[in-house]
Amino acid sequence: MNEPSTGRLETFSDGVFAIAATLLVLEIHVPAPGESGLGHALLEEWPSFASYVVSFAIIGIIWVNHHAVLDNLARVDRTLLFLNLMLLLWVALIPFPTSLLATYMREGGADERVAGVAYTATMALMGFSFGWLWRYAVSRGLLAGGLSDAEVRARTRNFTIGSPLYLVAMLVALISAPACLVMNAALAVFYAVPGLGQMRAPSSQA
Amino acid sequence: MNEPSTGRLETFSDGVFAIAATLLVLEIHVPAPGESGLGHALLEEWPSFASYVVSFAIIGIIWVNHHAVLDNLARVDRTLLFLNLMLLLWVALIPFPTSLLATYMREGGADERVAGVAYTATMALMGFSFGWLWRYAVSRGLLAGGLSDAEVRARTRNFTIGSPLYLVAMLVALISAPACLVMNAALAVFYAVPGLGQMRAPSSQA
Amino acid sequence: MNEPSTGRLETFSDGVFAIAATLLVLEIHVPAPGESGLGHALLEEWPSFASYVVSFAIIGIIWVNHHAVLDNLARVDRTLLFLNLMLLLWVALIPFPTSLLATYMREGGADERVAGVAYTATMALMGFSFGWLWRYAVSRGLLAGGLSDAEVRARTRNFTIGSPLYLVAMLVALISAPACLVMNAALAVFYAVPGLGQMRAPSSQA
Amino acid sequence: MNEPSTGRLETFSDGVFAIAATLLVLEIHVPAPGESGLGHALLEEWPSFASYVVSFAIIGIIWVNHHAVLDNLARVDRTLLFLNLMLLLWVALIPFPTSLLATYMREGGADERVAGVAYTATMALMGFSFGWLWRYAVSRGLLAGGLSDAEVRARTRNFTIGSPLYLVAMLVALISAPACLVMNAALAVFYAVPGLGQMRAPSSQA
C-alpha cells in the first residue's frame, strides 16, 4: 500500500473524472411548464448549456493530461496518493461551481461576478493541486526515464504559467461572468493543444 | 499522450456510457401522495417510462457500436481523443432531453413538439459526432487492417444515412412527440440489427 | 462486435450495478429542520433505510450471480448482449421503485400496496430477464465446458422457481408492503446462499 | 463464484467508492438568488464545504486501506464477498449523513448533535464492517504469505482501537457537531498516516 500501482490509481481517478463529467447534466433543469413557451425558456437557459460545455471540456482535458502525467511515473508513493486525492476533491466539486455560475449568470449583478470568481477559484485550486502533484513527483524522483530534463522543465513551466493566468481569469470574473467562462475555456484549450501547455506521454518521445 | 491507448479511451468512455444510462432513472419522479391513487398516477407517468426505455436502449446500442469502432482502430491520436470527448458530451447530456420530453409529453401542445425536436437534435448531434469520429479515423489511416474497403465504405454509408433519417425524425417531432419517440427507437434498432446499420468487430470477419 | 468479449460486457455491467447501488442513497431525504426533533424524524424514515438495505443487498447479490453466469460463458453473441442490456435496464430502474416504496410505506393504505407490487414487479422482471439470458446461453451452446448437465439443469431450475416465488411476493404486497419487502429480502437470500438458488463458477467444480 | 477473484471484487468496490465520493457534491446546494448577497450566502454554507472535505477524505482513505487489505488476500470466499458488500453498504450511505450534518450544523441546537451522532455512527459501522472483514480473512487463512504474524496483529489492533475512538467521537458529537466533524477527520488521518493506523501492502515488506 505504501507503494500502490499506477494502474490502480488510474482506475479510481478515471471513475471520479467520468462521474463528475456526467453529473454536470443534473445542473441543467427542465423549465417548468406553462411559462412563455418551451423554446423561449430553453434559449434563456443558455448559461446552463454554456457552463455544461466548458466544465465538461475542462474535466475531459484534465483527464487526458492526468493520464499523461501518470504515464510518466515509474512508481507512486503514499504522499502522491494523497496529493492525487486532493486533486480529485476539486474535480469532484466542479458540478457545484458550474451550477452556481449557470444560476447566477441568469441573475446578473454583483452575485454573477462572485459566482465567476468561485468557478475560477475551483479551477485554479484544481490546477494548483495538479502542479503540486507534478512537482512532488519530479522532486522525489518518481518519474520514469522517458523524459529529458528539458521536457520535464517545459512541463513544470506550463504548470507555473497557470497560476498568473488563473489570477487574470479571476480579475476578468470581477468584470464579466460570461467573459470569465470564455477565459476558463481558453485556459482549457491552452492545456489541450500540443505545443502550448499539454503533457505528452513517453511514447511520443520515440 | 499524443498516442494514448485504445484501452484507456474505452475505460473512460464506458464510465460515461454506464453513468449516463443509470442517471436516466432520476428523471422518473415518485408521484406526490394523496392524489387520485398511486396506480392511476403511475399510469399517467407513461411518458417517463417510455422515454427511459428508449434513451436507455439508445445509450446501450451506441455503447455497443462505440466498442465496435474502437476495436477497428489500430491507434488513437490526440484529435480523435477530442472527437471522442465531443461524442461523450452528447451522450452525457441525454438525461436532460429525456427528462424534458417526459415532462412535456404530459403537457402536450406546442411545447411537446419543441421537446421532441430537442430530444431528436441531441441524438442527431451524437450521431453526427460519432460519424465525424469514424470519418476522421478512416481518413487518417487509424484503422486496423481487419476491414475490407467495401466494409469501410458500408459503415461510412450507414453513418451518412443517419443524417437524413434524424431530419425526418425532427419533422415527425413537429407533428407528434410520441411518434418522434417511436422514430428515435426505430433509428436505434436500425443501428442495432446486423445487416442494417451496425458496426462489426474484426473478429466477425474471420 | 458480433462476438464481443465477456470481459467488455462485465465492465459496462459492473458500472451499471455499482452506480445503481450507489444512487439508492439519493432516495433517503434529509428531514426538513424545525419539526418534531431530528431523532424522531429519522426514526420515522425507517422505510427509507429498510428499502435502501434490501435494494442494496438485491443489487449486490444479482451482481455476484451475474458474474457467476458470465464466468460460465465461453462466448457472447449479439442477442445475448441485448438480453444483458434488458437485464441492466431493470437493474438501473431499481432506485425508482425503491424510492416509491419508501415514500408510500409512510403513507399506508391502498397506495402502499400498489408501491409494493411495483417494487416486486421490477425485481420479478429483472429475474425474468436474467433467466431468459441464462436459458438463451444454454440453448445456443454459449456455455464453457466446466458445468455438468446436472449443474446446468439445477441452475435453470433455480431461475424457474423464481417466477412463482415473485408471484407470491406480489400477492403478499397486496396484503402488506413491509411483509413484501421482507419477502423480497428473503428471495435475495435464497439466491445468495450456496445450495439454495445461487450460481457457482467453474472454479468451484474442481 | 464461490471463489471469486480479488480483481473482480476490486472493480465493483472501486466503482462504489468513486461514485459515493463524487455524489457528495450533490449535498452542496446553490443558494437561492436574491438573498443577502452570494458571497455571504456561500460563507454561511461552510458546514456543507467542511463536511464535503471530511467525507471525501474519509472515503479516499478507506479506499486506500481497502486496496491494502485486498492486496494481502490470497483468495476470496463467498462470506468475505458478503462482508465486503456490507462494508460498501455503509460507504454508499455516506452522502446521506454528510448532507444531514451539513444541514443541521446550520440549524444548531439538539438536532445538530443528533446529526453528529448519526454521522459518526455511519463511520463507526463502516469501520466495524471493515474490521469484521479483516478478522474473517485472518481467521479463515485467506491472507497471502507476505505479512509476518506481528504485522497481522498490529493491523488487527488498529481495527480494534477504532471502536473506542468512534465511541469517543459520538460522545464529542453530544457536545458539539463541529468538534465531532474534526474528530472524524482526525480519525481519518489516524488511519491514513503510516505508523499510526494504516494498512501496508506486501510490497512494502520487502
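In order of appearance the chains are A, B, C and D, and numbering begins at 1 in each one.
The criterion applied here is as follows: a contact is a pair of C-beta atoms (placed from the backbone, for glycine too) under 8 Å apart; a residue touches a chain by one contact, two chains touch by 3 or more.
Keep in mind that this is a model prediction, so the values were computed, not measured.
Engineer: For the two copies subunit C and subunit D, what rotation in degrees overlays their C-alpha atoms? Round to the nearest 5.
Structural biologist: 90
Engineer: Measure off the straight-line distance from the CA centroid of subunit A to the CA centroid of subunit B, and report it in whole Å.
Structural biologist: Centres of subunit A and subunit B (C-alpha means) sit 26 Å apart.
Engineer: Subunit B: which residues touch two or more other chains?
Structural biologist: 11, 15, 19, 23, 26
Engineer: Would you identify the shape of the chain contact graph, picking one of line, ring, star, complete or other?
Structural biologist: Shape = ring; chains linked end to end, path closes on itself.
Engineer: In the complex of these two chains, what residues of subunit A are touching subunit D?
Structural biologist: Answer in residue numbers: 1-4, 8, 11-12, 15-16, 19-20, 23, 26, 78, 81-82, 85, 88-89, 92-96, 99-100, 103-104, 107, 110-111, 114-115, 118.
Engineer: Give the list of subunit B residues in touch with subunit C in this complex.
Structural biologist: Within the complex, subunit B touches subunit C at residues 10-11, 14-15, 17-19, 21-26, 28, 30, 33-34, 37-39, 42, 52-53, 56-57, 60-61, 63-65, 67-68, 71, 192, 194, 198-201, 203-204.
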